[in-house]
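To start, I am sharing the structure in question, which I have written as structure tokens.
First chain written, first letter: the chains are A, B, C, D, E and F, and each begins at residue 1.
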Amino acid sequence: MPLFDLPLEELRDYLPARDEPADFDAFWSRTLAEAAEHDLSPTFTPYDIPLTAVDVYDTDFAGWGGDRVKAWFLVPRGAQGPLPCVVKYIGYSGGRGFAHDHLTWPSAGYATLVVDTRGQGAAHVQNPGSTADPHGGGAPHVPGMMTRGVLDPDTYYYRRVFTDATRAVDVAAGHPTVDAEAIVVAGASQGGGIAQAVAALRPDVRAALIDVPFLTHFRRAVEITDRDPYQELVRFLASQRGTPEQVFRTLSYFDGLNFAARGQVPALYSVALMDDICPPSTVFGGYNHWQGPKEITVWPWNNHEGGGPFQVEEQLRHLHKLLAVG
Amino acid sequence: MPLFDLPLEELRDYLPARDEPADFDAFWSRTLAEAAEHDLSPTFTPYDIPLTAVDVYDTDFAGWGGDRVKAWFLVPRGAQGPLPCVVKYIGYSGGRGFAHDHLTWPSAGYATLVVDTRGQGAAHVQNPGSTADPHGGGAPHVPGMMTRGVLDPDTYYYRRVFTDATRAVDVAAGHPTVDAEAIVVAGASQGGGIAQAVAALRPDVRAALIDVPFLTHFRRAVEITDRDPYQELVRFLASQRGTPEQVFRTLSYFDGLNFAARGQVPALYSVALMDDICPPSTVFGGYNHWQGPKEITVWPWNNHEGGGPFQVEEQLRHLHKLLAVG
Amino acid sequence: MPLFDLPLEELRDYLPARDEPADFDAFWSRTLAEAAEHDLSPTFTPYDIPLTAVDVYDTDFAGWGGDRVKAWFLVPRGAQGPLPCVVKYIGYSGGRGFAHDHLTWPSAGYATLVVDTRGQGAAHVQNPGSTADPHGGGAPHVPGMMTRGVLDPDTYYYRRVFTDATRAVDVAAGHPTVDAEAIVVAGASQGGGIAQAVAALRPDVRAALIDVPFLTHFRRAVEITDRDPYQELVRFLASQRGTPEQVFRTLSYFDGLNFAARGQVPALYSVALMDDICPPSTVFGGYNHWQGPKEITVWPWNNHEGGGPFQVEEQLRHLHKLLAVG
Amino acid sequence: MPLFDLPLEELRDYLPARDEPADFDAFWSRTLAEAAEHDLSPTFTPYDIPLTAVDVYDTDFAGWGGDRVKAWFLVPRGAQGPLPCVVKYIGYSGGRGFAHDHLTWPSAGYATLVVDTRGQGAAHVQNPGSTADPHGGGAPHVPGMMTRGVLDPDTYYYRRVFTDATRAVDVAAGHPTVDAEAIVVAGASQGGGIAQAVAALRPDVRAALIDVPFLTHFRRAVEITDRDPYQELVRFLASQRGTPEQVFRTLSYFDGLNFAARGQVPALYSVALMDDICPPSTVFGGYNHWQGPKEITVWPWNNHEGGGPFQVEEQLRHLHKLLAVG
Amino acid sequence: MPLFDLPLEELRDYLPARDEPADFDAFWSRTLAEAAEHDLSPTFTPYDIPLTAVDVYDTDFAGWGGDRVKAWFLVPRGAQGPLPCVVKYIGYSGGRGFAHDHLTWPSAGYATLVVDTRGQGAAHVQNPGSTADPHGGGAPHVPGMMTRGVLDPDTYYYRRVFTDATRAVDVAAGHPTVDAEAIVVAGASQGGGIAQAVAALRPDVRAALIDVPFLTHFRRAVEITDRDPYQELVRFLASQRGTPEQVFRTLSYFDGLNFAARGQVPALYSVALMDDICPPSTVFGGYNHWQGPKEITVWPWNNHEGGGPFQVEEQLRHLHKLLAVG
Amino acid sequence: MPLFDLPLEELRDYLPARDEPADFDAFWSRTLAEAAEHDLSPTFTPYDIPLTAVDVYDTDFAGWGGDRVKAWFLVPRGAQGPLPCVVKYIGYSGGRGFAHDHLTWPSAGYATLVVDTRGQGAAHVQNPGSTADPHGGGAPHVPGMMTRGVLDPDTYYYRRVFTDATRAVDVAAGHPTVDAEAIVVAGASQGGGIAQAVAALRPDVRAALIDVPFLTHFRRAVEITDRDPYQELVRFLASQRGTPEQVFRTLSYFDGLNFAARGQVPALYSVALMDDICPPSTVFGGYNHWQGPKEITVWPWNNHEGGGPFQVEEQLRHLHKLLAVG
């Protein structure tokens, strides 16, 4: 059934109970503090590509545990800083891909930092990734990333990813062309889930663009959708039978519901009502918990592609108004 | 079997016999002459999108039969013309999509014209199209475009498409910012097949970028690949049983083999050895018949995605050298 | 879940609100009046096939816009007219097929007119079609017929189809062997949807046989079934994003609910409770709105095949009683 | 690959070695003789259906082991016998279906006997069967009929089927309206395989119509096609590991190659070059071994549907010429 | 949706109405009495396999109608009887397989009898079967066993299977090494359904181990799951249209709900909440009707694999406690 | 096509060229020597399960890099050592599973060590694994294990696995009940590939049982089979485009062809001719290079299940003869 989730009227009011560990904030403070012990040491190596309007830098920086994380940094050529900057996170299974695939924001006057998701992108023909995740976990995991280290919040894969993503904001903020008070985090699907988390962990960002976010409302997601990547969790639980309590405890430190409840910055969400990868109730769950100024674009006839490039135009206009750019 | 076609060594020498109608050139002269009776009357309506580095125009022009064909025209802002211009054709089932998805060439200093394929793009969530093909044919056709009007070369769908595409070169050439002697036609898959045809019909273009071209070597394609869109032809022949001779006669006016045999301009092809949509022997069939200067990039481990964004970087460098741009 | 729709008890009472445009009747009066300006000019060419009990005519007539529509006309050999006549419409994607596939009604003493659905049947190996739909629309459409011209009721594909179908009744009525007061319209799936519409537009037909009708209760259908052809609409809406209001306005002129609400003649419906192509609630939606005498055969264990040949026997007996034929 | 079998030129000459048991003829003589001990005792119960041109009889007769086999017997109403008669066998998984689905031959002046295939048709929604096969075998079998009793020619399922089919010729021949010297056996796929066998076992039939025959050239079929029903044999051999020699010995008594080599009556075959259920080399294997007068219609673009209703028209014309009927 | 059935809280209380024929007990008394007229005559042929800890016997015995049913009988070598004995039934489509695949219970000190399900296992590569079901039914059936003889309780396939299974208890009880008062019936899926039935028919068994039982609550099963084997019933009903009443009457003699309502011995059930082959409501339906002492293990994240080998360990411990074995 | 690889006669002689790095032996000497610096420190914790014939130990030991690797160690209860010991490796994606699933060899008088494959088994419902692979690589990898660290032989995943597996032989050899001169390595698919490698690296094992081995003849495998896991390599190469040379260099250190060429101990192989996961030419490639005494069981009708439990019986008999056990 294409409309398999709650009807839109109920979604608008859907405010699910959150399962939040008492030390959620402490966990993240500790995590970010530990990471901060590693010098960020970003590099910006000019990338040799015959573009004329944009300067491209092959970038990396010290993410979680000091591991090097790759990124593209793009700056409108000849820009007189400081520029607002969009920090962009990537959807599940993809990587930062190619610089020339990220020209929208630079062409609109924004510096842009496109951050690899560690360990992802090796099977993606369009958007390959180049960042290793040089850590195994304390247990085997289901192929994919969802259950890597999931038995303990300290070893969970997304602890490293969210930390990398948060530090990417510092990379952007520290670049001379960037206006550190005009950093916007953005992403779709996994990238939306990451942006949502970073915006909560870094209330100094200027805005968040959160499309069809993944990694939100795990409990409902695993029961309502048959599709990956949420189903990686179910495959793990089906095999590793004594672990559900442990797994859901870990996930509670990473659930977008808990990040949304801490979100203070202006957020533009989008949701698709026929999305069976990130079902609309999980997206509205996050959106309805969001504390800051917010808007949501509803795509009634779309699956997980959501607004796609339509939403990008919405975002261009949205930020243009918000930041008076372009 | 991933490597289902001829081995690479045989592909390099594969020069299939061509089935060419005696009046091939006459057919196309007449077709283009008839089209020329319609005033091109291009429009360039500034498109309101907050980009700063590129000017975007919502464009249309009179294609085959005078039908209006939509396009995006993008120009690096503040460019001092005349600029080289890339005319880009689209893959099967997609449309011109969104202007902000075509920023690579403008960011490299090229004017860019992205041409809708009439009648396509209504089911494409990322790259919707907006150009009607206001013609039925003299017979029913298989869902899709491959068999639309296929019983007669005069009514065949691709007659209209190739004519539109050829006239798009005039649209580009006629724009004040464009250097009419530096127009490059480009495309992948169906877009590659179109570029191949246009480059043959318009020997005044400066170069052609032809990726994993479709619409080439129909006879072999329908026998060797199980996949669409070539299989649309087989479905038609399986139903409309008296028609094979008629159908293949029509196709002979549109076969990339015959266009390639007339290709004089420098061409950069690409081919993927595991491509089961446009099998490598059909691509090499075209490439080996090409008469002008030529190179081919071979992607040994890819399916129909071919070189994807890698190939775009190759093309940026290739044109940069050829045209001394960027 | 095999029983995915409402339970039978609720279906029996299911009377959905109808979304009917104020000028519904005016639209159809105008449409049929315009068509009537084209002379019907039916042809009945004897078809050379060694049958002894039936005379077969390869028929065509001027449908919408004067376009020629193909049909088979079969008459029991040596029949002393006037005969009752069954006008039969075809399911989605098929055509009139072969004369010898339509011998049931002629063998039961009925003249029979089997009407092509314009533009369909080119991919159907058993029931090929031979009627072109020589019209494009003002926009691209999703492969298939559901969204052809869907942005405007005047250009919508089914405007032409329903008009052809209505004029087919005139073709039958005008033939010397046919009793013009004993014409029955019949069809399954798309054919059922057409018969339902024609029976409403032509209250002078004697009866309607409407099996598992398609094209009825669009709003619910697109939300409740994942399958084609209803999903063609969703693919269009997912791509052509500004259009839903326009699309549903168009569909309101073609929705079987609105035709059923005008149905006065005796109707025999059938429905299958596990039908996930034309879900039972959409069928009962039409049936419950039907105003004339009516019966419905419920097939509890079937999918879209419905009663199949069982239902044909029911219909033979039903008409035999109603018309005292055979 | 759509054209996965030998090229047509090689197919024309393809004459595979046959694996024929020494007692092939003895086996069949004994089998038919044993069956002949059961009185045929056909019944012809008028079937109550309001047809006017055809008389329908619900028929059964004593097949192998005296088991009752269902059939439809249709006679043009008012026919002055003796009439030629088509005995029609059914494709795999279907049954005799409905009388009104078999009106082609009666409408052309032939008596027609449509014979159930015992045990089949219980899952077929269009052509249900009603004949039990009240015998298990001496071993379990793969779901389906191909391996039922396959360890011994005496217990093999098709021994019973071919015997039923042969006796059906007696049923036809014995009916007062039928011209016993003008009986034609016909069928497609499994029905074609049966017709091929019966025509060999009963050289007194007048002709055979054999479309895309199944049950022919087992050895090649199981190696070249991935599809059912031939793959039922492979599933059996994969599970019941000591049995291949025994299985292929059994099959040698039933292989269409061996029947074809005994075929003396005029035969009209058909074959489809893209048929991956009954691959063309298996069909040509039979055809090329056929000893009598023969023709073959080649459908180059079709899969197992073969000529479908086109071929039926060919057959109508073919018999019309051969028998001067209709 | 992974959790497609009732929520666990409702499942705990789910006690569906039972459709029980008045002569249910009489039917089974008669059936078992008739079977008892055949001498059981079990054979225990030592099977030559170089195991040292277990003696293996290739066993058969007279099941329903005196047909020979194969089994493996395994006894811990050197055991001083009498031993408790587990009688194990097999899941759908498999057979007794290999002796060395059934070493768990013998290694724990139990004699073990692994009983073929007649007619099954010919397509199973891991667990082939070797027992014929030398009976057809009075009608054709859907490939598979679910509808074999389903028009009459006397001819229904599972009448023979349940009878075989009940007599297997006698085989075990009669062996000198077995303690006839310590026989436990066990199985998963179809094996669970059989064990459930046998435990009701043979209140002298000591316990039952019933995992994710099949053949229980047919009415709900056919409406709620799209998957085989329950869907075999729907395919039959879709084809053989006059039969539903007859079919459900037959099934009422075999429905696990009715056996469970007679179950007196201690039972350990298991159920999986994401099981879409034997949906949890059908399992709880049986469990909640069970009259004897009972426990159920709930596997919340599993599909039809249920507890798999985890559950086996549970059973080892459960019987160890119950019988003080091992 | 079921028989898609070379015909059996050619397979018997198929001896593909090997691509062997000059330092192959040095690489492995160094690797094993480094591992040897970690004390093996095996643990044997009695596992509490009520078995009577077998003692079960939950075992772990220091594998590559000192990482703990889990295993089951099973010993016939009351055995008077020294016993021969089978060291068993596991197929791709599974883990050591449950002790009671490995009772065949213990029941035949062998000590048995079942070794987890690090990092695998988290998604396997029947055979879960419990051993982490606490190492990432220097690059992202395709979900699964095939490309983990594949850019460098030192970081490649299978370096760790083969090392673990080799050390498992020491674990067995060091246990007091085991006869260190009667250790047999065994496995199917991945387990077969591991056994093949270990038997080459440890010429002191007594024999090898190698079923349908994976990880052998990579070059041909990736070109001839469309299926996983070999296709993980192709997905990597399709995305990470500059890497093929590097990847195949790494694989040359792990290719079963090169291990087979060093195999001296008696080996029993098995191969399935319809195996499209480990195609028969890759298996024969290894077998034909094997230097020691060898036999191969050919399963002509099977896919990757190969001989399954049949082959286990063959192995029981084979070892019984070779070692005079049981």
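By definition in this document, contacts are C-beta pairs under 8 Å (C-beta built on N, C-alpha and C of every residue); 3 or more make two chains touch, one makes a residue touch a chain.
Predicted, not measured: the structure shown is a model, and the values here were computed from it.
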Chains in contact with chain A and with chain F: which ones? B, E
Chains adjacent to chain E and to chain F under the stated definition are A, D
Shortest walk length in steps over touching chains, chain B through to chain D: 1
Check: interface with higher C-beta contact count, B-F vs D-E, is D-E
Repeated interface matching A-F, over half of the contact pairs identical, chosen among B-C, B-D or E-F: B-C
Between chain B and chain E, what is the gap in Å from one C-alpha centre to the other? 63
Quick one: report the Å distance separating chain A from chain E, using the average Cα coordinate of each chain. 50
By the touch rule stated above, which residues of chain A touch at least two different other chains? 125, 238, 241, 302, 305, 310
Checked against the stated definition, the touching pairs are A-B, A-C, A-E, A-F, B-C, B-D, B-F, C-D, C-E, D-E, D-F, E-F
Chain C contact footprint on chain E (complex, rising order): 4, 222-226, 231, 234, 237-238, 241, 244
Show me the residue ranges of chain C that touch chain D in the complex, using the header's touch definition. 49-54, 76, 97-98, 100-101, 103-104, 106-109, 125-127, 302, 305, 308-310, 312-313, 316-317, 320, 325-326
Quick check on the complex: what are the chain C residues that touch chain B? 93, 95, 118-125, 128-144, 147, 232, 235-236, 238-241
What residues of chain C sit close enough to touch chain E in their complex? 1-3, 274, 299-303, 305, 307, 310
